[in-house]
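Scrolling down, you'll hit the structures one after another.
Below, chain A partners chain B and then partners chain C, in two separate complexes.
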Partner chain A sequence: MNVPRAPPAVLQNPGFAHYSVKWSPFHTTRIALASSANFGLVGNGRLHLVTVNAGPGAGTLRLDKQYDTQDGLYDVAWSEIHENQLVTGSGDGSLKLWDAMLNDLPIRAWHEHTREVFSVDWSNIKKDTFASSSWDGTVKIWTPEHPRSVATITAHHSCVYQALFSPHQPDVLATCSTDGTLRIFDLRAPAYVASGPTTNNFTNPLSASALTIPASNTEVLSIDWNKYRPFLLASGGVDKAVKVWDCRMVKLGGNETGAVGGNCETQLLGHEYAVRKVQWSPHRAEVLATASYDMTARVWNTMPPAGQSQLMYIHDAHTEFVVGCSWSLYDEGVLATCGWDSRLNVFRI
Partner chain B sequence: MALPMLVGGSDCGPSNPLQGLSKRFDQDRGLQQDHFGAGRAGSSRITFRSAQTSSQRVDQDAARFFSSERASPQQLASSSAFDLSAMHNSLPQTPMTMQHPAQAQHPIAQQHGPAANWAADFLQMPAAQSSVVMQQEAAVSQQQQVTPGLPQGGAHWNPLMAHRMTVSPPLMMPMQAQQPAIKANHINWDQEFQSQENAIAVTTTQQPAAQEEEAADSQMTQLPPQATDELAQIAGKLLDHVQGEQNPKFQQSQFMTLMKQFRDGEMVVKGNAVVENDGEVQRGDAKGKGRAVEPGLAASSPQASEQPSSYFPMEYSATTVYQERQASIADEVRARLREQDQEQGYQEVVDENDAYFRQENEEYIKYWDNQRSQPVLQHAASTPWDHLQADWDQFEATTAGIRPVENYQFQTNNPYLLGDSSTRHHMLHHEQSIYESVLELEAAVQRDMNNASAWYMLGVKQQENERESKAIQALRRAVDLDPKHLPTWLALAISYTNDSNRQGTHDAVREWVDANTTYASVVQAYRAAHPVPVEGPMTDQFNDLIQCLIAMATSGAGGDVDADVQIALAVLLNTNEDYGKAKDCFTTALAARPDDWLLYNRVGATMANSGHPQEALQYYYRALELNPLYIRARFNLGISCINLRRYDEAAGHILDALSLQENDGVRDGTGMNEKRGVTSAALWESLKTTCLKMQRVDLATLCDHHDLDGFRANFHIHG
Partner chain C sequence: MERVKQFAGQLVGSSGVGALQRQNPDDVVITMAFRSPLCKARKGGFKDTKTDELMLELFKHSISQSHIDPALVNDIAVGTVLTPNAMYHARAAALAAGFPDTTGVQVVNRFCSSGLMAVTSIANQIHAGQIEVGLAVGVESMSQNPDMGGPEQSADIAAHGPAADCKKPMGWTSENVAADFNVSREDQDAYAARSFQRAEAAQKAGFFAKEIVPFAAYQVDAKTGVRTKVVVDKDDGIRAGTTKETLGKLRSAFPQWTPSTTTGGNASQITDGAASVLLMTRRKANELGLKIMAKYITTAIAGLPPRIMGIGPVYAIPQALKQAGLTKDDVDLYEINEAFASQCLYSLRALELDDNKVNVNGGSIAFGHPLDKHSPFVEDCL
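For the complex of A and B:
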C-alpha cells in the first residue's frame, strides 16, 4: 500500500502549533497556515504564508511572510475574489482580513462572536461572501465590505466546529457540532424553528435547518462537501470514523424545515483517535484525505475497485496531532498537511 | 484547545469540558492581571490578609449554623428532608472539610482504577505545591499523625457528601452505589475542595501569622490554585485517556510532555503564556534548597511564544526532581507547624473539632439508618396528614368559594367607575364592540360583580389584548357564575391552549360539550357507543373528545355548519399539534362567520405554528382590517415577521401592539406619575429578540427596561 515515495517537503515554524492549512485558489504554489502558540491553549497566534518551490520530490518550502496576532488562530480561508486576501478566525472570537501584499496588520477586523471562532470558509459561488463558525453556537455570514455580519444563524446550541458553503448551490451551508449532528441550512428559507404551543423559541431561537443529520454520538469535528457529487458530505469526529453522507433528500427553498435524515453511504475506519479534518479531493470524486489525533494523515478511496482496500495512503511523518490537510487545486494528488509539531508537510500521493 | 476533542467519548459526556477549560483560563488571566497590576508582592500580601479575616468570619457563621443544627438534627431532617439547600450552602465554608480532603478524594480516584488512582494523587500534589495550599498539606498530614482514627472519619463523611451532590432519596446508599453521581460531580467536588482547602489554609496560617508573620507570608505564592488545579486535572484526564498508547510518537510527543507537566504542576498557565511554576522555584531558592531545575521557560520571559527554541525540553526528568523538592519542603513546613502547635495548643483545637464532626456524622448516619429501617413507621406517622390533605382536597373541590382562584386585579383609578354608566349601556346592544376598552369592561364588571356575561366580555377583551393570565381569571370567574354559558367555555379552552395547559383545554372543551344542549342526544349516543375510562391517559381522552366532536359536527343537529363545533374541534386539534386539520376546521368555521376577526387570527396562528408564516400573514391582515385594535393579531403578525426574518417590520408590529396595550391605561390627574396600561412581558421579550436580530443592542437594552417612549424615540434612528 505504502509504496516508497519521495519524502515530503517540510517547513518548520517552531513554537507554533499549526491549526489549519489552505492552498491558494489563485496561485499554484501558495499556502496559508494558521497557527497558535502553546498548542492553542493560551497566547499568540500567527498566520504564515508559504511558497512551494519546484525541486526534487515535492519541492522545497519557503516561508514568505508571517503575521502575529494577539490570540491563537484556528482557521484560515483564502478570498475567492481577491488573490492576495485571506480571512482568519481567532480564539478571542474575532475575524481578521489580511492582505498578503501588506505587512504586519490586518486590513479589516470584525468581532462579533463571543467564543472561539473555529472555522472560516469563503463561498466560491457568491464570491464576496464568507462564513465563520464559533463555539458560541452561531454561524455568521460576512462580506469584506460590511463592518458587521450580514446574517447570523443560530445553528446549534453548542460549539459549531465547522461551517462550509456548498460548492454547488449558493446560499446552502453545512455545519457540524459538539451535539453530534450535521445540519444543512438554506439561507433563503425561513429562519427559525417554528414556535408551537409547547416550544418557545423566542427567547432562545434556533435557526431552522433544511436537514439535520444525526451523524455521531459524540462531537463531529469536521465536514466537507464532495466537489463532484452534489449533497454528498463527509464527516469526521471523536468517534474516529469517517462517514460519507448522501443528503440528496434535502428539500431546499420550500417551507418544509426540520427534516431529519442523511444516508450513510460509506464508513472509513482506521484512525485510532478522533478525526480532526476531512477533505475531498478537488480532482477525484471518490478520494478523501483525513487528518487525525492519532498523528497520521490518511488518504482514502471511498469507492475502491473490488478487492482493494479503502485506505490508499498513510502519512506518518508528523510527530504530534495532525489537524489540517488541504489538496493542491492545481497539481493533482499533491497534499499539504499540518500539525501541532509545527511542521507543514507537502507531498504527492 | 482541542484536548477533549481527542478525549471525547465515554469520559466526557455530552458537554464539552473544554469550554470549562477555556473558561478557567479566562478567569486565570483576570486573577493574574490583578496580581501583577498590584506590582509588588507587598500589596498582594495585603489582599491576602483581608481575605483571611472575612473567610474566618464566614467560618464562624457556619460553625454557628452547625451547632444549632446539632441541637436538633431530627427536626432539621424531618422538616426538610430533601431540602438541604441551606446546608448545602453552608457546607463549603464549614471547617468540617478541614477534616480530610485527601480522603474524600479517594472515592473519586478509585473509580478510575489503580492507574488513575496514582494520577489523582498527583492531582492533589500540584495543587498543594502551587499555592497557599502548601501549608494545608502539612496541616493535613499533621492531623493524620495526631488522630490515627481519621480514616474512619473519612468514611463517616460519605452520607454528608452524598447530600451535597445529589439531593435524591437514596441518600443513605453506600458510596459505591453513588459513583455515577460522583463522577458527574467530579469537577465540582474538586473545585469545592479546592476552595475549602484555601479557606482552611488561610485559617491555618492565621495563627502562625501572629507570631511568624514573615514566614507565613513568604509562603504565599502568586498563583490562583484552583485554576491551576483544574488544568492539571484535565491534563491528567487526557493522559489517562492515551495511557495505553503504544505508539512511540505519543510517548515522545511534546504536547503530551507538556500535559504531564501541567498535571504534575511543573508548568502553569500564567497570563498569556505557559511558564514553569516559578512560585515554587522561588521559594525553594529562598530556602537554599532549590534544585538545579532547568528553566526551560524562564519566568523572566513572559512572552514565551517569542522564544524560538523548543521550550519543553524532553530530557527534563521533571518528576523526580519535583518529588524530591516536594518532599523536602513539605517536611520543613510540617516541622515548623508542629513547633507552633506545641506553643499554641493548636492541637487541642483540632481534636475538639474532630470529635464534634465525628459525632455529627454518627448522628447523621444513625438518623438515616433509622429512616431506612422504619419505613412503615414513617408511613404511619404521615397517615393523619394524608387524611387531612384528602379532606381538604375534597372540601376545596366541593366548595366553589374556597377554591384558591387568583383574584382578578382591576386597574386602579378607572375613570369609567366615576361617571354614570350610561355610556356603556347603549353599547350592550352590540354583541361585540371593538371600541370598548378594557377599562370600560372592568368598570362594568365592578359595578355588577356577579354578571357572568360582563366577566366573559372582559375575558375575551383581555385575550385580544394579549394578557392571557387576566383573561383566564376573568373567564374562570364567568364560568363559575354561569356554567351554562357556552362561549365562555370555548374562550377558556383557547386561553388554556395559549397557556400550553393541555389538561385545561381538554376540560374546558369537555365542559362545553356537556353543557351544549343542542347536541345532547348526539353526545349521549356517541358516549354510549364509545365508553371511555375516565382515568385513561391524556391522549386517549383527547382522541375520544375529538371523535365526539366529529360526531357532533357530522350529525348536523346545529344547522348547516356549526362554527362553534368547528372551533372547539380546531382548538383540540391545535393542542394536539395537528395543525393541518385544525386549519381546516377554522376555515370551515370562517365560512359560517366571515366577519369574526378572532377566527382570522386563529387561522393565522395555526398556519404560523405549522411553519407557514408567509400564509399566516394574510389572515392576520384581515383580522386587523376588521379590528385594528386587535393586539393579539398584531403581536402574532410580528412573530410571523420574525420567522420570515423581516425584523424591521416585526419590530414595528410588536411596537404597535405594545403601544395599544399601554394606551389601555389610566393617567392620573396630576400628570406627574402616569399609570400606564399593563404591558405584557411576552411582548417585550419578543421585541428584544427582534432587536437582537437586527443587531440593535441599544434597542434591546430599552426592551429590558420596558421603556416604550425611549424605544419609540430610538427606533427610527439607525445606529
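For the complex of A and C:
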C-alpha cells in the first residue's frame, strides 16, 4: 500500500494551529491556510497565503502573506469570481473578505452569526455567492456586495460544522451537524415546513430540508459532494468512520420536504479518532482524502477493484491532529494537509 | 469554555455521559420536583384525607413551588392506580387549585410505574412539540382506595394461564420470585433491614426534608368524628432501629404460598402520598429564568410474565442504559422500586449492580410505596 514516496514539502507556522487549507481555483500554486493561536481554543487567528515552488520532490513552500484577526480562523474559501479574494470564518462569529493584493485589513466584514463560524464555501455555479455555517445552528448565504446576509437557513438545532454548495445544482446545499445528521436543502423550496402531525414547528422551527440523512449517532464533522456522481456525499465524524451516501432519492423543487433517507454505499474504517475532514478528488470519482484527530491523513479508493484494499495511502508525517486536507485542482494526485502541529504538508500520492 | 468542551467532545466521542451532558435548547428538563410526606395507610398522616383533597393539595403546592404562571402549563398528567373516577377528581382538583381551564389534564395508569408514565407522557409531548410546559404528578391514597386485588375475569380470559395470573395478589408474585431465583428469607430480611437503616440515616441527616413539601391533611377525631386540618411534614413509615434480627422474628405474610419468605417487614409498606415534577424545554426554562434541576433522558418499557412481575428492572434497566448510550458503571445512583425485598434483591444480583449505588437512602420497604407516587423520583435521579 505505502510505496516509498518523496518526503512532503513542509511549511511551519509556529504558534498557530492550522484549521483549514484550500488550493486556489485560479492559480496553480497558491494555497490559503486558516489558523488559530492556542489551538483555536482562545485567542487570535491568522490567514496565511502560501506558494508552492517547483523543485525536487514535492517542491518547496513559501509564505507570501499573512493577515491577523481578533479571534481564531476556522475556515477559508477562495472566491470563484475574483482570483485574489478569499473569505474566512472566525470563532467570534464574523466573516471577512480579504484581497491578496492588499495588506493587513479585510476589504469587507460581516457579523451575524452568534457563535463560531466553522465553515465557509464559495459556490462554483453561482459565482457571486458564498455560504457560512455556524455553531449557532444556522447557515447563511452571502454575496460580497451585500452588507447583510441574503438568506438564513435554520439548519440544525446544534452546531453546523460544514455547509457546502452542490457542485451540480446551483440552489442545493448540504450540511452536517452535532446532531448526527446530514441535511440537503433546496434554497428554492419553502423556507419552513408547515406544522403537521409528523413535523414540529411549534417549539422547533427548522428550515425545511429536502432530505435528512441520519448518518451517525454522534457528531458529523465534515462532508463533501462527489464531483462526478451527483448526490453522492462523503461524511466523517466522531464515530471515526467515513461513510459514502447515495442521496439520489432526494426530491428537489417540489413542496415535498422533510424526507428522511440516504443509502450508505460504503464505509471506510481505519481512523482511530474522529474524522475531521473529508474531500473527494477533483480528478477521480472514486478517490477520497480524509484527515483525522488520529494525526494521519488517509487516501481511499471507495470502489477498489476486487481483492484490493480501500485504503490507498496513509500520510503520517503530522505530529498533532490533522484537521484539513485539500486536493490540488490542477496537479492530479497532489494533496495538501494541515494540522495543529503548525505544519502544512504538500505531497504527491 | 464552551469551545473547549465542544472540541473535547469531538475527541473523546460524544456518546455516553458526555453526550447526555450536552445542553441543547430542545432538551426536556425538570425545573421542579417535590413530594409529600409518605404516610402509612390507615394509620398515618393522610388516613382521613380523601384522594381529591390530596390532589388539591398537590396541585396547590405545584403552583406555588413552580415559580411560573399556572397558565403556562399546557398539560397535566396524573399517575394514579387505585383511585376510582380518577379523571373526574384530577380535573376538578386542578381547577380548584388554581390551574386555568385552558390547562389540560390526563390520567395514566401502569400500576406501580404510573407516576413514571406521567413523566414519560409529558416528556414525550414536549419532545414532539405538542406542548412546551407540562406537569407530571403521581398521587395515591391507599387508605381511601385499598387494593382489593384484580377484578373477576371472564371465563375465556381466566382460561389463559398468564392472563389468569394478572389478578393474583402481589404477594404471590414475590413468593414466586423467591422460589424461582433462590432468594432466601435471611437475605431478604438483611436487605430490608438495610433499607430501613439507610432511610433512617437519611431522614436524620435531613435529606428528605429537602424534597418534602409539608401537606395540609384532614384528621378525624375517633371519638367526636370532627374533621380538623393538620400539617404533615414527615415520613411516618420509617421504623428506627430495625435490624435483620428484628425482621427475622416476623411471621410469614403468605403462609399459603411457598416458600413463604415474604413478611410485613421485607415488603413495601402500604402508603399514602403524592409527588410532582414540572417539565419543559430548556429553551423555555432559560426564557423563564428557572433553575434547571435535571434533564430527562429516556424511559424504557419491558414486559415479563405476570407471575414474576417484580423483576421488571432486570429487563428494563439494560434497555434504558442502551437507549441512553450508557453502561451500568456510568450511573452513579440507581433507585429501584422495593415492592418486595425478593424482587429488588434478585434484580440487583441479576444486573450485578454495585450495592452502594442502589437506593442509598432506603427504598419503598422503609418509607412506603404509594403505588405510583414514588416513581417520579426515580426519574429525577437518572
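For the reader, a short list of remarks on this structure follows.
We take it that the second predicted complex is superposed on the first by the 342 of 349 C-alpha atoms of A that agree within 3 Å, B and C clash if a C-alpha of one lies under 4 Å from a C-alpha of the other, contacts with A are read in each partner's own complex, and residues count from 1 in each chain.
Everything below uses one rule, namely that a contact is a pair of C-beta atoms (placed from the backbone, for glycine too) under 8 Å apart; a residue touches a chain by one contact, two chains touch by 3 or more.
Because the structure is a prediction, the values reported are computed rather than measured.
Partners chain B and chain C, once the complexes are superposed on chain A, run into each other and clash. After overlaying the two complexes on the shared chain, residue contacts for A:295 are found with chain B alone; chain C is out of touch.
In the superposition on chain A, contact is made by A:14 with chain B only, not with chain C.
When both complexes are overlaid on chain A, the residue A:38 reaches chain B alone and has no touch with chain C.
Look at A:214: by the touch rule set out above, it reaches neither chain B nor chain C. Look at A:91: by the touch rule set out above, it reaches both chain B and chain C. Contacts of A:157 after superposition: chain C is touched, whereas chain B is not reached.
Touch criterion not met for A:55: it reaches neither chain B nor chain C.
Which of chain B and chain C touches more residues of chain A is settled by the count: it is B. Applying the stated contact rule after C-alpha superposition, one finds that A:340 touches chain B and leaves chain C untouched. Between chain C and chain B, the overlap after aligning on chain A sits in one stretch of 60-68, 78-86, 204-212 or 258-266, namely 204-212. Common to the chain B and chain C contact sets on chain A are residues 39-42, 91, 116, 135, 158-159, 178, 195, 202-203, 218-219, 221, 238-239, 273-274, 276, 293.
By the touch criterion given at the top, residues 1-2, 5-6, 8-9, 14-16, 19, 22, 25, 29, 242, 247, 249-250, 252-255, 258, 269, 271-274, 303-305, 307-311, 497-498, 500, 574-575, 577, 608-614, 639, 642-645, 682, 685-686, 689, 693, 695 of chain B touch chain A in their complex. Contact residues on chain A toward chain C in their complex (touch as defined above): 39-42, 91, 116, 135, 157-159, 178, 195, 200-204, 217-219, 221, 238-239, 273-274, 276, 293.
Across the interface of their complex, chain A is touched by residues 1, 3-4, 6-7, 9-11, 13-15, 19, 22, 24-26, 126, 128-130, 132, 281, 283-284, 325 of chain C. By the touch criterion given at the top, residues 14-17, 37-44, 72, 74, 91, 115-116, 135, 148-149, 152, 158-159, 178-179, 190-192, 194-198, 202-203, 205, 218-219, 221, 237-239, 255-258, 272-274, 276, 293-295, 319-321, 323, 340-341 of chain A touch chain B in their complex.
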